[in-house]
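Below you'll find the structures, each written out as structure tokens.
What follows is chain A paired twice: with chain B in the first complex and chain C in the second.
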Partner chain A sequence: MADTATTLPPAHRAPRFDVRTILTRYGAWIALVLLILVNLAITPNFATWQTLNVNLTQVCAIVIVGVGMTLVIATGGIDLSVGALMAIAGALAPLIFLGKLFPLPHPAIGIALAFILPVLAAAALGWFNGWLVTRLRIQPIIATLVLFIAGRGIAQVFTNGNLQVFNLPSFQFIGLGRVFGIPFQAILMIFIVATAAWMLRRTVFGRQILAIGGNEKAARLSGIPVASVKKRVYLISGFLSGIAGLIVIARNSAADANLVGLGMELDAIAAVAVGGTLLTGGRATIIGTLVGALIIQLVRYTLLANGVPDAAALVAKAAIIVLAVWLQRQSYR
Partner chain B sequence: MAPLLTMHGIDKRFAGIPALRSADLVVERGEVHALIGQNGAGKSTIIKILTGYYRKDAGEILFDGRPVEFSSPQEAQRAGISTIYQEINLVPYRSVTENICLGREKRRFGLLNWSAMHAEARALLARFKIDIDVRRPLMAYPTAIQQMVAIARAIGFEAKLVIMDEPTSSLDEREVEVLFNVIRQLRQADVSVIFVSHKLDELYAVCDRVTIMRDGRTVQVAPMNQLSRIDLVTSMLGRELSQVLHEGHDTTDTASETPGSVLEVRNLAIGRKVSDVSFDVRPGEIVGLAGLLGAGRTESVRAVFGVDKPNAGTVSFGGRENAIVAPSDAIRAGMGFCSEDRKLEGIIPDMSVRENLTLALMPQLARRGIVDEARSRAIVDRFIKRLGIRCTGPEQRIRELSGGNQQKVLLARWLCMNPKLLILDEPTRGIDVGAKAEILSLIRELAGQGLGVLMISSELEEVVEAASRIFVLRDGRTVAELHGDEVNEQSVMSAMAHGHESDREVAHG
Partner chain C sequence: MNTTSLKLFQGIGRYGVLLALVALILFGWLRYENFLGAFNVLTVLRYNSMFALVALGMCFVIITGGIDLSVGSTAALGSVVAALLSPYGVMPGLLGGLGAGLAIGACNAFIITRLNILPFIATLATMLAASGCALLLADNQSVSVSYETGFVELGQGDFLGFPIPAWIALIAYLLGSLILNFTSFGRTVLAIGGNEDAARLMGLPAQRVKALVYLASGGLAGLAGVILAAQFGAGQPIEGVGWELFAIAAVVVGGTLLTGGVGSVGSTLAGVLLLGLIFNILNFENGLGWISLSAYWQSVIRGAFLLLVVAIQARLSMRTEEAA
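Moving on to the complex of A and B:
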């Protein structure tokens, strides 16, 4: 990875290992380029704006959630609640701008609050995950399982299990709007990826995240506030899940607490793994997660565009994950 | 008869840096063979190549008359090579029996034959004169027992060659003697042993021949009884001994006249292990904490640094009492702490030398949360040069460094903070003689510049040589304060054994 945040030694390895080293470090990029080349050759109308837009909009939510997931995994944790938090944010927003939760003095205020409150709620629940992990010392996979199970239930209670349909272009800009012909959500995604990548490499917070994932005891003895860093990381993951939830409902013009973000936790983890982030923590790459998500999306698109059913696409996705994680292991020999 | 093991012309490079250059190792049948060298000399690498952990770049290996190239430690084990690593590689939650029999379980009618396995585990441990409940989980026993279990496990594989990588580092004297008896038994049974250790006494006590390595080469092979200690050390270091030992033993007592303590600990009690510990450190002096394993030394300094909470007592640092409740408080107040276990609590293996070195300094290197990379590089370069850290560059991963160099990086992690007090828990454990001397003389130099140093070491010789005052702990209590002429091995040992009630009054007075 060009962007692996733990700095690697300079690349003067023994020449014998070159092929393997290149495969491990740039495997995801090579796969992405290969996929694009294959598609240019076999998929009709691949090199069009429309194809690009379709793929970008499909991948946005996964990437945004994946960024938060990358940070959580970098500390040695995992966040299973992201899909449920998307559902909660997605259920809250229409309740607010449709005025079902409280009377609105002005529609514009309703829309503003519909952006802010659901995202804050998701962030607060993310912080709660972090609290469970640090204060009660529950293993992350169990701690976030709590909201994975309860979160979607909460969302359904809000809406009485009803589908909320709406048509509100000013709110739906986040999912449907375009700036200079580029989907707004793609711009948002790129902004989030760039910020997070920069943060992981250049800031104290980023270094602390990687130090905790690399050796938590050593990090603590070096004065790093482990609990507070972890809580912030889970908070960020919740915050980004909230944004992704809003994008999804805006795109669909409907919020279904049953379906928003369903299976997202697994897609996000898959993107992180394929991208080259170490699942045990301590080594992470945000750009890698972006590439990983793009690969998974492109494989699905390639198969669908060429008439292969969705079920087969799932198998292909699994195969990619196995390959990616196997490649990662190779660097440990 | 042909030797059991012949390794010839072994080459190995890591990231282009040669770790072994045409190294040789020959082990006869039924001999105990010492393998020694400084850290980074290539001992671990050659062992890991033999056991299939690494692949060699060139050279040949003959084992038991056949050319071999193992591709995994399991394969080596099946061929009859068992290894006991420095860090114990066992499963703490499983029973002693399971650990001993793991990988070669006895079966009957497709089920595990527990009674046979328990019997075998008991029989193997009986050879070490150890009688424990083999059904209890391994972690219920102290480290020394765990080490014996590791050895029993290795022997249980009916090995032709047993490799012991610093097997005695966590054993006390009596246990070492038991281990030596086992080694002698192995020799009688025509099993060969490769014995890696930094302790010269042990080598002369138990080994037949020695292979000395330096900078990835085999520099000398000789029968143990034909090689004097001086020659051995000289050959290992590649320089004159006088340069190494006692590089200016001039810790005069002037320091102790400086008034005012930087750290003062009174009547500290923590959990069950520490009941009444008192000591103090003045600026510019090296204070030793001596005591046997389990005397409460590590527990005491961890509480001082804010890692663990004390139940009672006062810790005054820089004039403020009990103000430290977390390591970050201690660091802000000007304390540094090199913990006992470098791998588990010190280094962040996947991070670079630079990132490891600046870990504690990072908040100060940053403006508005953004790390100033240029300044960080300048500081790291300075300390690499100053401490003579051997690495390919600041961006090399720390786990690729030898133990001694990792320790220097950890020292630098604190030194770059300009601390008032540095706590060192076993700073030279698992480090070769050369690096040890370097680190000790560095500590002395720093104390000369006004740094207070609190040092724990299990090697009496080292504490006595470095410290100007020594507090002796026994069973969680300070039993003696030694200074001046009392700082010698005899008085420390007698205090460890009996305690000096009169001296204790001094400590409190």
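Moving on to the complex of A and C:
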């Protein structure tokens, strides 16, 4: 990966130019380009603005959640609660702007609060995940399993499991709006990806994340505030899940606590894995996660657009994940 | 910390789940009529036997230090295959579901031990694949089972007044307990989880044992799928969502450490029953009419319960570390 950030300075890497290295390092990019070429050849109407928009809107939520997941995985952790946090944010927002939670002095305030409070709630729950991981030293997979199980239940209790339908263009701008013809959510996604990629490569915080994932003990001994970095990383993951939850409900004009973000943790982890982030931590690429999510989305689109049932796309996705991770392993022998 | 209180702490860690289970049963018995009536007890056992089978496989996998996320969709696949084969008789249905589970288990074993991919990601992939296969085979809808061949007895029938699925689970747990504690295979499972490199250097067949553990987990999930199909009269390709996490929660509540090397089959069963009883008690509580909590509270309470257990476990292990 061109943007791969590792704990090693580049000078420590031996230059190797054999085919296998190129294949493993740029495998995701090659796969993406191949997919696009195949689609240009076989899928009707592929090179259209509409196809691009469809794929972009469908991939946005996965990428935004995937960015948080990449950071968490970079520290050697995992966050299973992302889908549940999306459901909580998605359930809270309509409750707020429809005035069911508390009376609203003015509709505009309601909409502002509907953006702010749900995302803050998701971020706070993310911080709680981090607290469980660092303070109680619970393994990340179990710590976040708690909210995976309880989180969706909380969202369902809030709404009593009912679908909340709404039509509120000023709120739904986040999911339906366009700026110069480009979906606003895609712009938001690119902004988040760029910020996170910059942060991971260029800031102290980014280096600390990678150092912890590379060797937590060494990181602690070298004076890195491990607990505080980890808590912030889980907080970011929760925060981004909250944003993704709002995008999904805005796009659907409805919030269904049973469905918002369902299975998102798996999609996000798959995107991270396919993108080339080391699942054991210490080496991460945000752009890779974007590419990974695009690959998974494009494979699904290719199959669907060519009449293959959705279920077969699942099997293809499984094969891609295994192949990508296996290739990755070959380069780290 | 002195040794007496240390032992006390370890004892709570080991028997905590049993104590909690007994406390919950006592609570239910004192509070609700018919809580320990034959009907309720048998219903709870019948329903939870599927989860018990899945959790048993998960218990072995977790003891080796791995994880199996594919069990839920494997069970769904097993239920579809069993339902499709049920017109040919009980055995074809049973063996078909079991075989489908073993096939997914074999995929897991291959990916993990041959391709050396982390269990977490390998079983995540097979989870998607199994779910895809189930939907393809079932043509995206539930498949009704044949009521003429007696297949549904596997889920709905009784033997000696005790539900057949509960018998299956009981036998599986007895075998599992014997295998873990009294065979060289079982000791190898524990050794791998304790320290895989050391186990390998001692000459234990680590890779083969790991492969067999994932195979067994797949087979048990397939069996759970057979019971699912027989109990509800249909193979259900979209059922099984979240079963893997329920199973993990049950294993963890049972005191098995996720880092591997330590674990008990009996405590896992207690963990399953504990999580199952929470739902049962919620139903009774609603029946009393004092409160009215929707079914959605179930997952909130389960999550809170899991949190409580892991928090206590974390505290206990910290104290044990400090003392040691």
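What we mean here is this: the second predicted complex is superposed on the first by the 322 of 333 C-alpha atoms of A that agree within 3 Å, B and C clash if a C-alpha of one lies under 4 Å from a C-alpha of the other, contacts with A are read in each partner's own complex, and residues count from 1 in each chain.
One rule holds for everything that comes next: contacts are C-beta pairs under 8 Å (C-beta built on N, C-alpha and C of every residue); 3 or more make two chains touch, one makes a residue touch a chain.
What you are looking at is a predicted structure, and each value in this text was computed from that prediction instead of being measured.
Residue contacts after overlaying the shared chain place A:Arg232 against neither chain B nor chain C. When both complexes are overlaid on chain A, the residue A:Arg202 reaches chain B alone and has no touch with chain C.
By the document's definition of touching, of the two partners only chain C reaches A:Val322; chain B does not.
Counted by residues of chain A touched, the larger count belongs to C, out of chain B and chain C.
By the touch criterion stated above, A:Ala211 is placed in contact with chain B alone, chain C being left untouched. By the touch criterion stated above, A:Ala150 is placed in contact with chain C alone, chain B being left untouched.
Using the contact criterion defined above for the overlaid structures, shared-chain residue A:Arg25 touches neither chain B nor chain C, since it reaches no partner. Shared contact residues of chain A, touching chain B in one structure and chain C in the other, are absent. Note for the complex: chain A touches chain C at residues 78, 80, 132, 136-139, 141-143, 145-154, 156-157, 160-161, 266, 269-270, 273, 279-280, 309-315, 317-319, 321-322, 325-326, 329. For chain A in complex with chain B, the touching residues are 6-10, 12-14, 16, 202-205, 207-208, 210-211, 214-215, 217-225, 278, 282-283.
By the touch rule above, chain C contacts chain A in their complex via residues 67, 111, 115-118, 120-122, 124-129, 131-136, 140, 242, 245, 248-249, 252, 258-259, 294, 296-304, 306-307, 310-311, 314-315, 318.
Residues 13, 15-16, 57, 305, 307, 327-328, 330-332, 337, 339, 344-352, 354-355, 359-360, 362-363, 366, 369-371, 373, 392-393, 395-397, 400, 413 of chain B are the ones touching chain A in the complex.
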